[in-house]
Amino acid sequence: MKRIGVFTSGGDSPGMNACIRAVVRAAVYHGIEVYGIHRGYKGMVKGEIYKMDSHSVSNIIQKGGTILRSARSREFMTPEGRKLAYEQLQEHGIEGLIAIGGDGTFTGANIFFEEYGIPTVGAPGTIDNDLYGTDYTIGYDTAVNTALDAIDKIRDTADSHDRVFFIEVMGRDSGYIAIPCAIGGGAEIVMIPETETSIDYVVDTLRTGWNRSKTSFIVIVAEGDDAGNATEVAAKVQQELPHMDARVTILGHVQRGGSPTAADRMLASQMGVACVEGLLQGRKCEMAGIINKELVYTPFIDTITKDKLINPQYVRLVDILSV
Amino acid sequence: MKRIGVFTSGGDSPGMNACIRAVVRAAVYHGIEVYGIHRGYKGMVKGEIYKMDSHSVSNIIQKGGTILRSARSREFMTPEGRKLAYEQLQEHGIEGLIAIGGDGTFTGANIFFEEYGIPTVGAPGTIDNDLYGTDYTIGYDTAVNTALDAIDKIRDTADSHDRVFFIEVMGRDSGYIAIPCAIGGGAEIVMIPETETSIDYVVDTLRTGWNRSKTSFIVIVAEGDDAGNATEVAAKVQQELPHMDARVTILGHVQRGGSPTAADRMLASQMGVACVEGLLQGRKCEMAGIINKELVYTPFIDTITKDKLINPQYVRLVDILSV
Amino acid sequence: MKRIGVFTSGGDSPGMNACIRAVVRAAVYHGIEVYGIHRGYKGMVKGEIYKMDSHSVSNIIQKGGTILRSARSREFMTPEGRKLAYEQLQEHGIEGLIAIGGDGTFTGANIFFEEYGIPTVGAPGTIDNDLYGTDYTIGYDTAVNTALDAIDKIRDTADSHDRVFFIEVMGRDSGYIAIPCAIGGGAEIVMIPETETSIDYVVDTLRTGWNRSKTSFIVIVAEGDDAGNATEVAAKVQQELPHMDARVTILGHVQRGGSPTAADRMLASQMGVACVEGLLQGRKCEMAGIINKELVYTPFIDTITKDKLINPQYVRLVDILSV
Amino acid sequence: MKRIGVFTSGGDSPGMNACIRAVVRAAVYHGIEVYGIHRGYKGMVKGEIYKMDSHSVSNIIQKGGTILRSARSREFMTPEGRKLAYEQLQEHGIEGLIAIGGDGTFTGANIFFEEYGIPTVGAPGTIDNDLYGTDYTIGYDTAVNTALDAIDKIRDTADSHDRVFFIEVMGRDSGYIAIPCAIGGGAEIVMIPETETSIDYVVDTLRTGWNRSKTSFIVIVAEGDDAGNATEVAAKVQQELPHMDARVTILGHVQRGGSPTAADRMLASQMGVACVEGLLQGRKCEMAGIINKELVYTPFIDTITKDKLINPQYVRLVDILSV
């Protein structure tokens, strides 16, 4: 393999740039050429493909977002679109791909390999940490710290005013972001998709605390929780506890940005090198990951179909710590 | 004057603790006693009044929120409530008050003085910076930096995805928070109550930028803007520009919390000392402030009734800088 | 066991307060009493022992330092001192201890158990991450992020001026802090005690980079490196490369403070609960830790005598990434 | 005037990029061409001069350092060097200059104008805030907040261990950085060049505090103080108070970097526009500045020769607040 392409796809996450940098530098280190494909599959179809070298990735390790940009591509979902993408890669002499993204990204890469035989190795780039095949995904640690920093600020004002704050954090269908936010943010309650938390339970917990003369509370609501989003949960609770001063904050897209933490830069750097070396070893349709401090490669199909369970001890921890 | 009371009232703001600390230390320095009144006028009515000394305010200068807490008091709005408050102060031998808060707080203090002759000197404690009588209010600089930090993070993801972000910041009826967020955040448009910004203008500006192949935009919307809140503005704009990927973020209560910046600690410290020394000079119903680097005292009535105008040059600056 | 004591000892680290909080809350949760011992063994000898409850640890999870303080105790190193300590514990009815600290702390606890049969369970509290028996120690992640944040700032000025910065980070005899600082900070060279890095190698690497028209460099020096501290290394290098503008920064005690990161709050919270539950299970002279996501208890003697090796791949990573 | 050049010179400061951006955008706004001169006078002599447009300064407002880089130039100090610089400007058709820097930069610009008639308007870019002609310089607010953030972290560990920390901050011959660090950092003592602080005073203050059972202290030492640097001061004090556990931290170059604060971005943006508009108005050898919220232009000669005095009230404030 003499020439590879790298792209980011799906929602951006902090550390994607650190990973791009590692891909480029590892390629240079191993004496192969590397091209950046802009806007993911969209740019692959359109031929937004540019040569990169060591200098192209100077001073980006600390930057949020992705210099290669990301986009959704309807065209790539069609056979015609993938044909165009293949022709673009052929034209640039690209023999292998490195995809930084999540399960949607890897699904596309799997189909592309079946049709055209272009091997892809993936790096887990998503803030949600919901990918099977790695303990952590690139951007997760940063997103959690960003959310936690916001929660610390909100607690200042919650404490000063005897208020109940319902804070909604990201995480798609998982509670991976919500759990450390709740434990680290000193929250009284956490509501995640993996467990059922009834409105009654929330009301009882707040009422019990109130009766023990606790006057400010924080409830962390994962965006995918079955009980509804933070606004809905707050409205239902407020109906039962009208004397409480309830407020809602939806942290939103702030969680996707920011300079990556040390852990995310480390993970992204390792993953970038592992992707290049994986391709050189002849891997295809596999995602690099770290499990128990060891580098592992997991077939894309497993990262897409298998669930990564959350440690049930963590919910118990929230209960103990809010005693 | 031998004994004074200090309280915080209204919305909390970063630096209130630094101001409380300065009040207490200045009182000790000048040999008078100081009592902390918890939960503002509410606690004054109820007698939540505790002696403080130099040690009570150790290690709080860097903390958000207010250790004296804040609350709204319906009772203090009634003659009976104020009578109770007066009796509580009498009982504790408190001869003068220091109020850290905004115009609502000072209105109460004015009435209280007319009825019972208890002098109050105020410190401007609000993130909104909308108080006449001081260049800056305590908490304003921190709130702006907190908002700006969030905007920086959002821009990472806006740039990576070719999106238009409508970001709503606080500020009540003024654009004081919105303006530096727009200039410092590299926004294309700022919408503030002080000027009229039509939806047509927003649509035209975005369309013009788009046609010049600019693909990501940030619009800062002050919460008090006449065109509506960020969600409403975004919906109206999206109707005209359906091809744009528009997102809304409401920064919310995060802006009230956090460790105060250097400027807020400086201001809060100066104000706390100025309040104590003002009371000792026999001032009453006046707010301390800094105008053009000089300490000034302004009658409460002026801080309540007079407007502090925003520099019109700032809106022009947004236009120039987004060329 | 009905009553336990908790203390912090050795150098403080961010997350110690989160751990104290978890110890206290877990004790309350399990229906046992908990006493805080101030200033570690020093306060144990002197009887600085105070009852704690759930409220004692409110709003401390986000604070750096330790509310129980820390100190060195010469007295506890003597049999007489330990006798006094034992008498103090007897007097307060304390049957078991939880020690948050490092190997020095655990050495003391081992001797104390042999002499007086008081069981201690430990939590790994040190920024250095050099304790066998846990993947990470409490405070390590925060210290690394604090150092990295400083390095990011220094790189701004290094890049602007074509300078070589020698930055010294903490870590005692290990390179655990230095490695992620180098990888995450985009450093060209890392010097750690675990590997030999000759001055010649440093000089050659800088000269080679310079000849490829690279003009700013960052060298991370672990405080325990054999080649000397950052000032000494810089002086030796400067002798060989007099045309380079070399600067030294010693990050120092900043690395010990600050609000703990999410990872440190999670770890500290888990460790606090694990210490209490370990004591209740009858454990003695063991440190709680997390290895490969599992809770483990390791005999103090192993944490003291066994080495935790650094992953040799990491040094290779620095080389690849600085290509 | 149809074409201007912009450069940064002297020590870099956060906000220089925001200022460069404003210069470029204001030039575009006013329909004139703008060239970036790299490495200050050094690059002017060598002809490192490149055309810039609105896009050249995208996404730099939040970055520390200077994209135009900075350097010292011995050549420009000679008539021959300035001749070369003039020829380079002639060759590029540059009729006016905008210099972002400090008094050294402006001295050079003055001589250059006398010799060759090229007008320069300057923006105050230095963290030291020691320039006459403006209330604040670009980078000052960020440097103070960076230092304060470090001091907050150090206080965590000072409090936990009963230590005296001597912290050295930057500021050249002025105490502008030291003062808000001391007031905002809750320091007991501040040592600045503008006032004399004897070692005896330091010793007495610490001893008095110690006798009142205060056990941790922070002393802020401005780098230009007459009593010596922090290491020397600490050594002298330690000799008198050998029982105290004294530590020294020199904050160093961290203070020059980092993302600029809101205030610095506002100031830098205003200054950049003011420089362009000043040149267009026919100004020469003047520095733009903000005094009492008003834009003012001050002759370079005054910024170089006149002193900006520090408010003596501030030192009194440190005394009151450490009661």
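Labels A, B, C and D are assigned to the chains in the order they are written; within every chain, residues are numbered from 1.
In this section, a contact is a pair of C-beta atoms (placed from the backbone, for glycine too) under 8 Å apart; a residue touches a chain by one contact, two chains touch by 3 or more.
Since the structure is predicted, the reported quantities are computational estimates derived from the model, not experimental observations.
Chain A and chain C have Cα centroids separated by 28 Å.
We define each chain's centre as the mean of its Cα atoms; on that basis chain C and chain D are separated by 35 Å. Shared interface positions of chain A, defined as residues touching 2 or more other chains, are 152, 155, 159. Contact topology of the protein chains: cyclic, one closed ring where each chain has exactly two touching partners.
Listed by label, the pairs of touching chains are A-B, A-C, B-D, C-D.
By the touch criterion stated above, chain D contacts chain C in their complex at residues 8, 11-12, 14, 16, 63-66, 69-71, 146, 150, 152-157, 159-162, 165, 247, 249-254, 256-258. Listed in rising order, the residues of chain C touching chain A in the complex are 18, 21-22, 25-26, 28-29, 54, 59, 61-62, 135, 141, 144-145, 148, 152, 155, 159, 180-181, 183-186, 259-263, 265-266, 269-270, 273, 292-293, 311, 317, 319-323.
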